[in-house]
Structure formats: C-alpha cells, structure tokens
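The structures considered in this document are given below.
You will see chain A twice below: alongside chain B first, and alongside chain C after that.
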Partner chain A sequence: MNKYWQIFKINFKENLQSYVNTILSIVSFCIIIYIFVNLWGYIYTNGTPVINGYTYANMLWYLISAEIICYCSSGRYVVRGINNDVKTGKVAYTLNKPYNYYIYAVVSDMGEIIFKYIFIILAGLLMGLVFVGLPTFSLVMVLPIIFAFFLSSLMSSLLFAIVGLLAFWIEDATPFYWLVSKFFLILGIIFPPEFFPSWVQPIIIYSPVYSIYSGTSKLVANFSWELYANVTISQIVYIIIFALLGLWVLSKAVKKVNINGG
Partner chain B sequence: MKVIEVKNLTKEFKVKKRVKGFFNRLKNYFAPQYSIIKAVDDISFSVEEGESLAFIGPNGAGKSTTIKMLTGILYPTCGEICVLGKDPTKQRIKLSYEIGSVIGQKEQLWIHIPAYDNFKFYGAIFNIPKDKLEKRITFLADLFEITPYLFQPIKSLSLGQRMRCEIVASLLHEPKMLFFDEPTIGMDPLAKETLRDLIKKINKELKTTIIFTSHDVGDIEEVCKRVIIINKGKIVLDDLMKNLKYTHLKKKVLDITSKEPIKLKNTDAFTIIKGNESQNQNATKIEVDMEKASITDVLSLVDPNNIIDISISSIPLEEIIKQVYREVK
Partner chain C sequence: MEVKNNIKLIFKYLILNIKKQAQYKISFILNIIMMIANDAFFIIQWHIIFSIVPSLGGYGFNEVLLIWSLTAGGFGLSHLFFNGVYNIPDIIYRGKLDVYLTQPKNLLLNIGCSSTDISAIGDIIYGFIALIIIGAKFTTWLIYFPLIICSAVIITATHIIYASLAFYIKRGDAIASSINRSMITFGTYPMTIFNSTIKIILYSIVPAAVIGFIPSQIILNFSIYNLLFFVGFAIISTLLAFFVFNKGLKKYSSGSVMEVRL
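Let's look at the complex of A and B:
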C-alpha cells in the first residue's frame, strides 16, 4: 500500500508546482457557475418557486456540486496519461516497475483530483454562499458528503482508467473518453435526473452517472440519510465492479503493447 | 553463470495494409487487411553475468523489440526467454525488482520535483528501507557526481544531468541487470563521453550486467565488450568487440601524403578511397585487405622519395558495422 500512497503523494506534489493551471481552473469554474446562476435565475423568475422538486437554491447547489466533481474528476488526466504512455512508448518505463499499472494510473489521477478539490470546493462554496446562501444541511452531514465526493471521484478514476486502457488496442482512447464524458454531461451534470422523461430516470439512477454525479450532487442540494445510503452503496458496488474490470482489462492490455521502435 | 537465455525467440506484429485509391481506402476502413511483420525471427543467444553487451542494428532491425521482450514489456509470439531465472512474460513484476532500464529521451522522473524526492519515491516503490535508501542515494549521488543539483527540480537540469539522475533512479534498487535503450540520444559529445564512463563504472564497480542498444558506434565501442548485430529480425553477428574490430574484417586504411599525386589503380588487394589517378591529389587514402596484401606490398608500389607522411589505421567500427548490415542485405 505504501508504494501507492507514494504515487499519490508525488502526483499531488507535482500539481503543487502548476499553480497557473490551478488559478485558471478556478477562474473558468467561477465563470461557468456564474452562467448557471443567470440561466437558472431567469428560468425561476417566471414565478415558479419549485421545478421538479428543486428550488432555485437546490438547483444551484446541485449544479455547483456536479461542476465541482466534473472539474476535479473529469477523467481527462487519467485518459491522457495512459494515452501518452502508450503513444510515446513511456509505457516501457511504467509497466516495468513493481506496481500494478491500472492502480498506478488511478492513484496518480486521485493525486490530481484531491489537489483540485481543495481549491474548487472552496470556489464552489464561495459562489454558492454569494448567490443563494448556505444549503440546507447540518454540520454532521459534512463528513459523509466529503466521503461521497471521494467515492464518486474514485469511481470516476477507475472507470476512466479503463477507458484509457483502450489505448493499448487503438493507441488513442480520446474518442471513447469524449463519448463517455458527453454522456455524463448530458445525463448527470447539466440537469438532475428528475428533469428527464420518466422512462429515462431509472436508467440514470442505476447507471454510473447517478453514483458519480447526480446522486452525490443531490446530497448537497437536498441531503437525506436514505439518499446517502443509496448513493454510497451504489458507489461501493460500482467501485468493486470497475476495479475488477480494470484489472482484467489490464491483464489483456499488456499483451497488446506495441511500443514505437519495438 | 548465465543471466539471460533466449531460445528461438520470435515476435510478429500485425500491421494494417496501406492501400491506394479512395474506394480501396474506404473499403479498408471497414474491412481492414493486415500483414504480418516478423520483427524478431527465431533468435537464440545467452548472456553471462557481468557482461556488457551491445545489441545493435539498423532501424526496424528488431533490437528494441528484443530488449522489450527481455524486460517483459512485449510478449513474444513464440520462443523461450529466461532472465535471471524468471520468465518475463509471467513474472514481469518480480523481475522488475532485479532489473533496471534507462531509455533515451523518455523520462521516468517527475520533472517539477527535485531528483532527491524522485529517488525517495522510487525507493518506496522498490520497498527499500529508509536508512538503506538514504545511504544508497548518497553513494550513487557521489558516484555519479549529482550531489550539487540533488535538490533542484529535474526540469532545471541539462539533458546530461537529467540522464545521470535517470540512471541513478534505475540503480537505487541495486538491479543485477541494466538495460540501456539509446541513452545518449540528443546529447553533446562531452555529455556522451561522461555517460559512457559512468556506464562502464556501473559495469565494473557495481558488477551490473549491461545490455545496451544504440545507433552511436562510439557508445558501443567504448562501453561494450561483446556485440550482437541484428538485422531484419535475425542475429547476423555475435562476437567480442575486439574480434569484430580486428578479426572480422581484416582491413586497414593507409593515408599517404605525397609530393606528387600517386598513380595507383584498384586491385583485389586494395581500393583507392581518395586521391585516385584522375583526381590529381597529393593526399591518397587506400583501403588494404590484409588477407590479400600487406601494407609493405602496397608501399612497394609507391616511390619512397615521393612520400611526405604515412599513417595506418584500422577501419572505423562504424564502417565495419555498415559492412555487416550490407552483407546481410
């Protein structure tokens, strides 16, 4: 375990150096949230206080939470990392070390995610407080929510690392990344599940979109212990499934290595 | 003791066929046709403990493919590999504790972080106890003369300094065998020279077996005692460096500076490389086949009073290797 902790730490440290990226991420995050504030503000000004069970404040906290998860654990870093390793032949180094490459990729991604969380969560909290005030939950719910965010990011990393491993077959897994991330964007980030037709809602609720985005964001918008239990259980189940699937895909992927110049 | 044993090793790659014309390309997009390329074709060799072996060949010869199969990165199509008593395809992780690799122009170090932190990281990856790791870092930092910039971020170091740090990172876990894949690529002559000396040091002082691939003949000549030349996936030569240089091709180069142009014609025994009759030059270069004529035989054809200076040299190793490549073609 210590070696994976070290991998996490070195990735976290590496991110400490790229403060310009961090500042730009915060700025772009704030711009997106500001757009949502205005857009949903306009929708809610026609006199409807609640839309599909969401007040304006609920809706903004949902969007802020979903955007925080999207900004911090979009999967871009892990897919790009594996892509680059395969394309440049650096995989000759990374596969040749005494660790599991799939876990290495996930833990490296988590190093980046946790680093981003520190800043983006603060920016999100600030934006939420300024525009709609505190969400309706007590302090005892803070730790469970942080844990749910952590599980959601771990799940996202495990899933996108599998997408990244496809690079061993097709050299560039970016198209698959775009496909999955757009699916997430439409079904989990922009709207809560209640805004979709009734036949789509069960699909969303039982899909990874819910465990990563919708469920976790709903915890911030409108916390309940029942919802928390549902979200956490689904996250743990998906984490186990993705981890096992990822390890299996890696065992097949290493046999497909085709490094430049050999 | 044999540390590498390779028997009838073959590696085939499936490559998409390229076709001409729009419709053929469209057809190939949906129903691609593949051709099989044998990157390594039924090779066998072994390496003794403590050897320094150069694995060379032209581009696409199969040298890197072989090295990557030895380290467990690539899976062979058929054949047997045994490295330090392990099968790299089945025991890649176990083997990684006993081998190291340095690949030119590819980094294993985190560039924003100082070398020292990188070494601590790799120490943890290889489960090296903290006190042992500290001693090892100090020892290697002294040996490779990197102490002055141990705490500088890697990105601020020159290519030569970075490469030293890369090698130190690969040596932390005291590997029994170190693979170098074109480590001097892109380096200036001085940095190359320093790196070659360091690799020799690793082989001599740390008793590490060195497997080396490079296109730079100077690297091979200075670092390795044995050479395997591979071309089109097959081993075309496996010999000691001294044999390759002095026995394999018995040719010498004779440089003559003369008062008047020397009038000689090519024969079976020698070839005029520079300054033939038509060129009317006072500097003549003659390649002599020592199996057919001696230097004295050639000199007897030249008027001694016409000679200002003579130098005799061996054919450069680069020429010998080119010759071996050509012979195989």
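Let's look at the complex of A and C:
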C-alpha cells in the first residue's frame, strides 16, 4: 500500500512544477462557467424563473459542481498515459515493476486530480459567489460533499483507466475516450437528469453518469441527507465493480503484449 | 508558380500522412467514426435548450447547427492539412526545429504539413451531416467550402501566433492550446448571448466569433461588410502568423537532439 501512496505523492508534487498549466486550467474553467452564466442567464431571463425544478442559482451551482468534477477528473490524462505507454513500448518496463499497472495508473491520476481540486474548487466557489451568491447548504454538509467529490473522481479514474486499457487491443483508445466523455458531458454535466424525457431519467439515475456527475452536483445545488446516502451507496457499489473489472481487463490485456526487443 | 508548387506540396504531404496512418486500419476508422459521434452528441444539448426557449437572440436550432457545421469544418480542415502547427511549441522546446530548417521548403508550411489528425476527417464529415440535417440550400453548399477554408486559415494562423510564444517562454504550448480550446468552445455558441465586453475579445484576441458566427451571418444575412471583414481577418492573421513566427525564429537556439525526417 505504501508504494501506491508514494506514487500518489510523486504525481501530486509533479504538478507543483507545472504552475502555468494550473493557472491556465483555472482560466479555462472560468471561461466555461462564464459561457454557462451567459447562456443560462439568457434562458432564465427569457423563460420562467423555475425550469424543471431548478432556479437560476440551483442551475448554476449544479453546473459549477459538475464542471469542477469534469475539470479535475476528466480521464484525459489516464487514457493518454496508458495510450503512450502502449504506443511507445514503455509498458514493457512498467508491467514488470512490483506494482499492479491498473492501480498504478489510477493512483497516478488521483495524485493529479487532488492537486487540481485545491484550485478549481476555489475558482468554482468564487465564480458561484460572484454570479449567484451562496449555495443553500450549511457548513455541516461541506465535508460530506467533499467526500462525495472524492468518490466521484475515484470512480471516474477507475472507469477511464479501463477505457485506456483498450489501447492494448486497438493501439489508440482515444476515440473511446471521446465517446465516453461526451456521453458524460451531455447526460450528466451540462444538464441535470430532470431536463431529459421521463423515460431517459431512470437510465441516467442508475448509470455511472449519476454517481460521478449528476448526483454529486445535485448535492451542491440542493442538498438532502437522503440524496447523499443514495449517491454515496451508488458510488461505493460502482467503485467496487470498476476496480474488479479493471483488474480483470488488465489480466486479459497483458496477454496481448508483444515485446520485440530494442 | 510558387503558390502552385506549395499547394501541390500540401496535398502530397496530406496523401503521405493519410497513407501512414491508414496502416493502423481499426484505429484509423474508429478515429473518424468516433469524432462524428463526438460532435453529434451536441445535437442533444441544443435540442434540449431549444425545447426550453424557442431561440437565442434570433438563433434557433438550425442556425446553431449551421455555426457548428462551419466551426467543425474549419477546425477539421486545419487539423487535416496543418496539424503540424499544433506541435510547434513541442518542436521548439525539444530543439527539433533543426531538421526542418535544413529542408528546402518554406519552414512554416513544412512544419504545418508534417502531420495530419485523422479524426479531423470526422469533423469535416460532421459539418456536411449538419448541413444535411438543417436542409441547407444549394447556395449554402456552394459557399460552404470557401468559408470553412477561411475559418481553417484563421484557426491555424491564430494558433501559430500563440504557439510562437514558445520561442520566448518555456510553456508556450499551454497558452496556445488554452486559446485554441477557448476558440472552439466559444465558437460554437451564437454571439447574441454574450455581452459587448466579451464580444470585443471574441472578435479580436480570441477570434472565436470569426470562425463560426461571422460565416453563419454571411450565409443567413449576407452583407458585404461581414464578407470583407471575414476575408480580411484571414489575410491579416496569416500575415501576422508568418511575421510573429519569423520574429521568434531569430530567438531559436539549436538543441543537440539527433533526428532524421524522411
């Protein structure tokens, strides 16, 4: 366990060196939120004050939360990392190290995710306070919400590492990354489940989209302990499923490796 | 004569790059199909938004899809023909420019054509699909190609300008890709939802409005001023890109990396 903790720390510290990237991530995050402020500001000004149960403030806090999770744990880095390892042949060196490659990829990704959270959450809070004021939850709920964010990211990382492992079969898993991430973007990030037709809503609620994005973001927009329990249980169940699936996929993937020397 | 030779060279490079990537057949096809699916996901986003409000400042579903078609087409052409410019900061940072400097063709053209992003074909195809969905008129089809060529020129030139920062600062890539991302994100929204301060930025230093919104205006409400502005912007940004790149080139100091380019 200690070796994975060390891998986590190394990746966390590595990010301290690339402060330009961090600043630009914050700028880019603020730009996206600003677009949503304009878009939903226009929609609420020209429509009704409550849309599908969401006021403008609820909607903006939902979007800010979903974008925080998306920005910090987009899965891009874990997929790209595994892709590069496979393409460059570096995987030959990493597979024979005394750690599990799948867990290594997830822990490395988490090191980067936790680092980003520190800055992006602050930027998100600031944007929310400037444009719509404080969210409705009390201080007691802050820690549970942060824990829900952590579980969301762990779940996302475990899932995208599985997507990355597809590179062992098709050389480049990026197209699958696009598809999964766009699926998440449309069904979980830019709209709460209530905005979809009634027959789509149950599909979203029982899917990973809800546990990673919709459920966690709804906690910030409109917190309730019942919702919190539902979201946490679904996150834990999915984390166990993805972890087991990832380890199984890796055991199959290593059999596809051809090492040609060099 | 030189222009003719350069155009020939651009197409020869393109054919060579496509042949190179077509060796990985599954990856090649997946990249194209998944990019079409990736772009198509946004149809759901706009469908939901327009089920809440009928239009965004005069822009309905068809008009927004037209902006998407133009932006995707321009972005696709840029990454198909000149994907190499997106590697400029890395080429400079790693001292790989030497190998291009020794070749007899125009340096910037040579770098730009050195690689092709196959998924860009998916973007271009999506552009056509979007035109079919909105039932574009014959005249729209007729002027579509010249418009996306100009868009591609603006996208490429803007990236070169910001990527040339890599001659002066270490992490020029982060700034250039951040501007590029912002251009694409803002570029797919109708400018009618933004306030005038942000519009000034989107018509100048981050020309997101110029790559999709302005050409859509040319199609929807033709005015000679918009056309002149659009073409003029493409010409000036290209000249500026060559100027900034050549100015930065004087700062370049060779690395010791050994590389062969066939």
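Convention: the second predicted complex is superposed on the first by the 257 of 262 C-alpha atoms of A that agree within 3 Å, B and C clash if a C-alpha of one lies under 4 Å from a C-alpha of the other, contacts with A are read in each partner's own complex, and residues count from 1 in each chain.
Just so we're on the same page, contacts are C-beta pairs under 8 Å (C-beta built on N, C-alpha and C of every residue); 3 or more make two chains touch, one makes a residue touch a chain.
Here the structure is a predicted model, which is why all the values come from computation and not from measurement.
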A:13 touches, of chain B and chain C: first, second, both or neither? first
First (chain B), second (chain C), both or neither touched by A:224: neither
Which superposed partner A:2 touches (first chain B, second chain C, both, neither): first
Touched partner set for A:28, first chain B, second chain C, both or neither: second
Contacts of A:255 with chain B and chain C, given as first, second, both or neither: first
Contacts of A:43 with chain B and chain C, given as first, second, both or neither: second
Footprint overlap on chain A, where chain B in one structure and chain C in the other make contact: 18
Touching residues (chain side chain B, partner chain A) in the complex: 13, 39, 59, 62-68, 71-75, 92-93, 96-97, 99, 101, 103, 106-108, 110, 112-113, 117-118, 121, 124-127, 153, 181
Interfacial residue positions of chain A with respect to chain B in the complex: 2-3, 6-7, 9-10, 13-14, 17-18, 88-100, 254-255, 257-259, 261-262
Complex interface listing, chain A residues touching chain C: 18, 20-21, 24, 27-28, 31-32, 34-35, 38-39, 42-43, 46-47, 51, 170-172, 174-176, 178-179, 182-183, 185-186, 190-191, 195-196
Residue numbers on chain C that touch chain A, as the complex places them: 24, 26-27, 30-31, 33-35, 37-38, 41-42, 44-45, 48-49, 52-53, 56-57, 119, 170-171, 174-175, 178, 181-182, 185-186, 189, 193-195, 198
